[in-house]
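Lettered A, B and C in written order, each chain numbered from 1.
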Amino acid sequence: MSASEVQTFTPREFHRQAHDALGNPQIRANFRKAMDGLMAKRRDVFSDWDLETLRELGANIRLRALAKLPDLLERLEANCQANGIQVHWAENGDEACRIIRGICERHGAKAVIKGKSMVSEEMHLNAHLEAAGIEALESDLGEYLVQLNEQTPSHIIMPAIHLNTDEISDIMHTRTGTERTRDVDTMTAAARAQLRERFMAADVGVSGVNFAVAETGTLCLVENEGNGRMTTAVPPVHIAVTGIEKVVEHLSDVPPLYALLTRSATGQHVTTYLNMISSPRKPGEHDGPNEVHLVLVDSGRSSIYQDDELLDTLRCIRCGACMNHCPVYTRVGGHTYGTTYPGPIGSILMPHMMGLEATKDLPTASSLCGACGEVCPVKIPIPDLLVRLRRESVGEGRGNVPGAGVKRSKKEVAVWKGFQWLATHPRGWRSSTAIAGKLQALMPSKLGPWTEYRTAPKPAKVSLHALVKRHQAGKFDEDGEERS
Amino acid sequence: MSARDNILKRLRERTDGPLTAPPSNFAVVTGRGWSQQERLTRFERWITSVHGEVVHTPRDDWTIALAEVLEAKGIRRLALGREHPVAAEARAALAEGDIVLIDADRDIETWRHEQFHDTDAGLTSTRGAIAETGSLWLWPTSDEPRLLSLVPPIHIAVLDADTIEDTFFDVVESHGWANGMPTNALLISGPSKTADIEQTLAYGVHGPRELVVLLRHAEEYP
Amino acid sequence: MTPVKLYPAKPEKIYFYGTCLVDLFYPEAGLDGIRLLEREGIEVVYPQAQTCCGQPAYTSGHHDEARAVAAAQLDLFPGSWPIVVPSGSCGGMMRTHYPQLFAGTEHEERANEVAGRIYELTEFLLHVCQLRLEDRGQPEKVAMHTSCSARREMGLAETGPALLARMGQVELVEQARAAECCGFGGTFAVRHPEVSAAMVEDKTQAIEATGAKRFVTSDCGCLMNIAGRFEHQGKAVEGEHIASYLWRRTS
């Protein structure tokens, strides 16, 4: 897409957006190349690890944090406050935006510089601040490029992964006057120069949090670029914003999660920086912000928390491995999902945030191949959760997801009841000579799309039931019991 | 009720009842049992794999190695602390030369422009390093503030070979990090980098383009 | 993935659960599987009351209907013999999801008991029968697509290739991205036909690029999908269930 086209995406248009993405060779090539590379790097970097044991530990650390969540949040708050970090709570994204805007306004802030934060994307913080006359500039290179192009990230770790070098050169040229080049070092140096001025001029830095340590009141940020360190150390005020599930109990819980995160996300054995912040600038210290704020956002998380099965969604450490390994994401790209979090994790998380009505095509946008669950560093059973949300969609779950039952249709229920009748009446199943034809008529929708790309399966003239009967004639009775 | 109370109430009055925390077995992130030589080899292999440079030097002559690095990289203006022995020894050794020594132990507001635009390199000490990942650990102080290792285009870090430990978990545990965290604790593994432009690695996107580790050995390094 | 299974000694008798796709579209594959087992001296019981494991309703979220269908299958295996299924998908449903589906119901114990006796066909032939194969066919290159359910849900990425490795005249070639889904996914192919089509297109291209003129698979859903795509394009690459392939070349 050229720099001038601004496109908006919504989960309601998944099918149309998927159609467009599938027909776009550039998108297809960019994602395929990137995902192939990421999968190979992850495989290599874990090759000398006891990965299953490490994943088990990661899962148990996250489950322990969730088991103690309310206590840990209170402990995090108390320890942060004791360290001088101001803690705020927000029921939803709007409230979080208002809190952040309020802090900015108290400081007369006109310019906010941002480190990467998916939670801030989730609440559309930039638009909220801009509406209040406060400029919010992304500083992660990928986020910066996406913002220049008036887009949203297409991947939670690599926001600009949908763009190739030429497209980025175009964007930087059009938006910043950078000379056109195919040299990545030149473009990177140009962005460095552009953003350094903005760091110095920024009134407030806004960042996300990878792990918030309850035991010590420490905010951990994982990154390669150094923009996160800049954001949290150069402006006079730092606001960290995060979901309430990001808390971990102990500082010693961080090393295993960090080991899993970097290897799962980008196949790196470690990132350039692990930045651990426990307080604002203390008396006698010479740099760092004078104020640090932590905004804890719920936005549907406490609702997910209620249900033993759905709870597993909250284990996520946002590595993106599930999307890197998803054959659907690889084909359609991140924007097609029309949600802040795309891919498998988005499909199990966004229905809680946006409701199943808006997101009803997401839980079905998976062949349940299991690749996501296989690579998840904290062993979230993503395929099972996709099935659970399908149940909720058709009104056969527990009804505790917003929009539950939205996909329940009389026609489809009739189809499955028909299937149930046939499959529980073996004589009917067997005696029906044109059974395949009948099943075809019972399929949820027409077989049309199948035959557009593939030859239709041909029902066999003689079923296996009948073949076996002939084969084993006389050996067994009707129910498979051996005749005495 | 406040948002805080509402959220905590919902979490406490969970529909499906209280949860049980599973035990965590940390064996997989500790107990490597590497020899000093293995630690050195791993540390160097990993940090150089991400574009870090390692310069081995005898403990006593390290400022000679520093001067050579400054010379080789054309560094004219070096920011550094004052109190830490690393800074003090560097200052003493460089006092007579033509390298401009920039004081890092002052409020950033008084020299921000100089730090961003007119400093070639920052020199810092380190508290130790991690063999498994090739990471330095730094706890910035008022003497060596946090931006010293970030803003100048080159970061020169001084590391003593005998402070390299096996894993991050080992460092956190053996040094009792949880008993008192500093304002800012850092792991640094190589220079700043990005792969946001079509997966192509580029260095120095926001932080230093180069990271040089002066690895000091108490005894002769083979 | 399920934990590593301790395999029993070769039994005298087994139940064969053919699956609905085999029953309706690939009955020969089912019969060939039965013949392979019988050649090992095992008596094969084929319960005639079997229909479908219930998976299509299960993955569509219609668990009430899936449970009713699955409950009917639980009655088919009164003896304690292993249950062999020529499909990782249906095998995975019965081994992994039956216990979930019936948790907290009156059928829970029986579902767990049945689940514990489920074996995918290639798994059973390899690990329980320790199958020896005498290849009588012509030298041939063949590609294999292991279904995602067999690979990930049942942890059986290696059983099919291991059996093919025992075929003296067969050269198993590995296609690019062998572990990637072919795009079938049951109702996924119907609900998201374009995405599914893009996936099967890539899969057929990868198989074709190996130079093999034949591919085998242990799941008829994948077979229907991949072979259907080859046929639709008029490509001379043929697909076959691994049971038929093994039987055909060794009988």
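Methods note: a residue touches a chain if its C-beta (ideal position, glycine included) is under 8 Å from a C-beta of that chain, and two chains touch if they have at least 3 such contacts.
Computed from a predicted structure; not experimentally measured.
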Touching chain A and also chain C, the following chains: none
Chain whose Cα mean lies nearest the overall Cα mean: A
Chain A and chain B: spacing of chain centres that average the CA atoms, whole Å: 30
Whole-Å gap separating chain B and chain C, where each centre is the average of the chain's CA atoms: 53
Touching two or more other chains - residues of chain C: none
Chain A residues counted as touching two or more neighbouring chains: none
Residue numbers on chain A that touch chain B, as the complex places them: 30, 33-34, 37, 49-50, 53-54, 56-57, 60-61, 63-64, 66-70, 73-74, 89-91, 95, 139-142, 145, 158-161, 163-165, 168, 184-185, 187-189, 191-192, 195-196, 200, 215-218, 224-227, 229-230, 233-234, 244, 250-256, 258-259, 266, 268-282, 284-288, 296, 298, 302-303, 305-308, 311, 400
Chain A partner contacts - residues on chain B that touch it in the complex: 2-4, 6-8, 10-12, 14-16, 18-29, 46, 49-50, 104-108, 112-113, 116, 133-135, 141-142, 145-147, 150, 167-169, 172-173, 177-178, 181-200, 202-208
Footprint of chain C on chain A - complex, ascending: 15, 18-19, 22, 28, 36, 327-328, 331-332, 361, 364-371, 373-374, 384, 387, 389-394, 396-397, 407, 412-413, 416-417, 419-420, 422-424, 426, 429-430, 435-436, 439, 443-445, 447, 449-460, 462-469, 471-472, 476, 478-482
Contact set on chain C toward chain A in their complex: 1, 15-16, 18, 20, 22-28, 30-31, 34, 44-52, 54, 56-65, 68-69, 71-72, 76, 78, 100, 148-149, 151-153, 177, 179-181, 183-201, 224-225, 227-229, 231-232
